[in-house]
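The letters A, B, C and D name the chains in turn, as written, and every chain counts its residues from 1.
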Amino acid sequence: MLINVPETVVADALRGMASAHPELAVDVENRVIVRRDAPLAGKVGLVSGGGSGHEPLHGGFVGPGMLSAACPGEVFTSPVPDQMVRAAAAVDSGAGVLFVVKNYTGDVLNFDMAAELAEDEGIQVAKVLVDDDVAVTDSLYTAGRRGTGATLFVEKIAGAAAEEGQPLERVEALARQVNENSRSFGVALTAVTTPAKGSPTFDLPAGELELGIGIHGEPGRERRPMMTSGEIAEAAVDAILADITPRNPVLVLVNGMGATPLLELYGFNAEVQRVLGERGVPVARILVGNYVTSLDMAGASVTLCQVDEETLRLWDAPVRTPGLRWGM
Amino acid sequence: MLINVPETVVADALRGMASAHPELAVDVENRVIVRRDAPLAGKVGLVSGGGSGHEPLHGGFVGPGMLSAACPGEVFTSPVPDQMVRAAAAVDSGAGVLFVVKNYTGDVLNFDMAAELAEDEGIQVAKVLVDDDVAVTDSLYTAGRRGTGATLFVEKIAGAAAEEGQPLERVEALARQVNENSRSFGVALTAVTTPAKGSPTFDLPAGELELGIGIHGEPGRERRPMMTSGEIAEAAVDAILADITPRNPVLVLVNGMGATPLLELYGFNAEVQRVLGERGVPVARILVGNYVTSLDMAGASVTLCQVDEETLRLWDAPVRTPGLRWGM
Amino acid sequence: MLDADFFRRWMAVTSAAVDREAEWLTALDSPIGDADHGSNLQRGFGAVRAALDEEPPVTPGAVLTRSGRLLISTVGGASGPLYGTLLRRTGKALGDAPEVSREQLAEALRTGVDAVRQLGGAAPGDKTMIDALVPAVDALGDSFAAARAAAEEGAVATTPLLARKGRASYLGERSIGHQDPGATSAALLIAGLAEASGTSEAGEASGE
Amino acid sequence: MLDADFFRRWMAVTSAAVDREAEWLTALDSPIGDADHGSNLQRGFGAVRAALDEEPPVTPGAVLTRSGRLLISTVGGASGPLYGTLLRRTGKALGDAPEVSREQLAEALRTGVDAVRQLGGAAPGDKTMIDALVPAVDALGDSFAAARAAAEEGAVATTPLLARKGRASYLGERSIGHQDPGATSAALLIAGLAEASGTSEAGEASGE
């Protein structure tokens, strides 16, 4: 691994972000990344965060048109409430703050505690849970579905609404709507190696793959002999379509888990588009790249997000962050 | 690997690019990626290309402010002259075409043949060789230095000049100047696996690294026991500074080879910036990410490019490509 | 009776145990989790130990509330808020008494465990730390050693269970056959009581 | 004398040999190159074979110029222009004679090899295909079998050399100890002459 010591990986990365992105205020010690121009009068603050190792998510999505601040935790470990409270205080203009929380026990608990503490400090806080992964059985008796690729859609679309000055309830409702209209499915071709462990988290022989994986290096729901890109596209799209039947056009995220070459990812996108075409799903926009990653895991995920006129407009709105940028 | 069969990897990727980037004209059969608005009256055409497996280079750098067209070869294999002639014909407005060629025997020979053929068709062609890798001994009796990270700087800055309507000689001179002022050095933490071979191209145990690697999965100049990110930064920067002493500020590219997580890459950037600071090298801009990759290789390269007021202005100029985008 | 010193020792020996077993905890967290449980708790209990050394609280309750708050502020993940809440609520339940009995601790710890159950929504049998903590609290009335044995048994007994909470639940059937890392660390925490009482084998005699 | 049919056979057996040895060529290209030499030549000679089958040229020269142009258009990399030039220039040198002697082929091939030397700038001893081609052309005056033996010897003799051209040159000293993939494929090409002449063991007797 290209690191100094496992203990400083996150701090080192934040130092590196600080120098590469002078447009962001990176507080290395307290682990918050904030837009330099925050708080903006009348603007809702959008705060997210989660374990590190998913870059550019979330720190790379801070900037005009997207997040106001991000809180990076240790690798694959949700951040602590102190970070979130600090971020909320830094971005709140009085218009309130929306926490975008991926549905993991750790993230949920820490953001919940932070929301309580921030409210004690007089900040109005709303929360939206992202839980788009159809590989996980959803039930009242489990931790529910985990949040993966849809996070990008939620942060972008809610971020655009906040940038326009829409009020907290509206930004929250949009974020919830985007999540409800999003579904993801991922596959892994290799296991992940975390700095702390230093070796792959599980054993995955070269000729096999894991279907239905998350973004924390955990094994998936099922192991299978290697499949072609076309077969994987069918498995992923069909798993999603078994859960949701898009009537409106969809945004498509073909997301690399980290170590899959862009060349392969584009090829995978070709197959995903073929399958969507065969299944009659209309496509509005396509994004291909490494956006919600899992360190050095090889593999990919597909996220579909059904949009209407308004959410598509907000998706297309200008954004200026290290990880996603257009229109400015 | 996330592929169908090795034989269709490049064609599959081009189909995937075509759907994801409707703003580009992707000719899958003939393997050229062209700006939809080309040729633009009076504008110099900027054409590059090379083996596939380095994405986003070059196809991801086609668009306003950068390349007019790109020719992707097979994986790690330079494209054939037919592609380059077709690309030149597609983008030439009469103002001439500049070929940006990475200095590899295959690329040089094929672009040379293409230049002859294009000139036969009445297209004015100039060529610039990129040869920035200080790990390779430069001599009249060898193939010379290979072209790596500097390609991005050459394509961006020459592309901005072409976009402004500067004439061929000027665009060519700028490209040459950028190359002459650029130096790179790379390290590999893992070997690469090409679709055709299906297994790592060489054996690199987990506790060792290769210093002075290129972008085609070839081993480097030297194998060493694993070093820290800080030590690697020192080795890379010092190898560059042994060859060039920047008097002006530099652009810094901290480039991932493909499988190194962005988290580690940012951490590596922190160390590169520390070393540059200690060596007294003034820094104008920093770019961190996977731009000139080597499929699934883990590792990173550092490129420094000394700029003056004009080249810095052209670097900052708007660009709108799949791989690099700002200002529009 | 157990004084503040005992509780500081408890935290110290737990921290040492976590250091010693960090790799194992992370290894347990690999096949059914995200390979961070060991480093998470090392970070947290390391911070607890440092803070208690620097400025030792003078009541049992203060030691635990302070420790719990520190875990919440330094661990993150699921285990940070859960263990943090466990210690904080237990500490609160102890009030500001300068000394407490083992029975009082057992009662307070039950309050703490209930808070964890409420916060995380896990019931016994869901393959979480609850499966070590609940039997430990039940046995604590008897002795530290009994509590330790019960916790260890509870941790081992998570192996055949299907996970319904936490990351392991994502694996469905594939979570079966692996011991839960959080139940394992909970057993370390409970074992720390016996160790802190100075007689890890004959914990019954001491600590009251 | 050698007619167009012989030259088409030459290309066909070379294509078959490249198919057979593709993995080996790519394996040789791994430690000192970029692991594509086998697939490069397979693609090229596959295209050559298909084109010659579809529309067979009627003179030896035309077979080779056509094949060379096809290699240039389909292979890419260093070997595409180099092998393409080799065949194209050799074919041009053969003119439009309907039949040529082995001696005429040897002379034409020398022109082709010279063009490769000029194009790539490699001299004998630089650890490239030149190290198989030059001795082969020298021996071709004697017999196909002699040419084949010389080429194979030349290829094997690249192993201890330090590469000065092509990708292997980037490795400096580390290029020593590996056989050059291009010299190896050049030996396959030359061996194809003997095979095409129908008497790979007694090539001397045939082909003239």
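Throughout what follows, a residue touches a chain if its C-beta (ideal position, glycine included) is under 8 Å from a C-beta of that chain, and two chains touch if they have at least 3 such contacts.
Per UniProt, the chains are C, D = Dihydroxyacetone kinase subunit L.
Keep in mind that this is a model prediction, so the values were computed, not measured.
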Seminar exercise, completed: Label-sorted list of chains bordering both chain A and chain B is none
Exercise. In terms of CA centroid distance, which chain is the most far removed from chain D?
Worked result: C
For this session: With chain centres taken as the means of their Cα atoms, state the distance from chain B to chain D in Å.
Result: 32
Exercise. How many angstrom lie between the CA centroids of chain A and chain D, rounded to a whole number?
Worked result: 53
For this session: Compute the distance, rounded to whole Å, between the mean C-alpha positions of chain C and chain D.
Result: 73
Problem set entry | chain A, residues touching no fewer than two other chains | 75
Exercise. Which residues of chain D are in contact with two or more other chains?
Worked result: none
Exercise. What kind of graph do the touching chains make: line, ring, star, complete, other?
Worked result: line
Problem set entry | Full enumeration of touching chain pairs | A-B, A-C, B-D
Seminar exercise, completed: Per the touch rule, the chain A residues reaching chain C in their complex are 6, 51, 73-82, 104-106, 109-110, 113, 135-137, 141-143, 146, 194, 196-197, 201-202, 214, 216-219, 221
Seminar exercise, completed: Residue positions on chain A within touch of chain B in the complex are 1-5, 8-10, 12-17, 19-20, 52-53, 55-56, 60, 75, 189, 228-230, 232, 254, 258-271, 273, 283, 286-288, 290, 293, 295-296, 298-300, 320, 325-328
For this session: Would you pull the chain C residues touching chain A in the complex into a rising list?
Result: 26-27, 30-36, 38-40, 43, 72-82, 119-120, 164-167, 169-172, 174
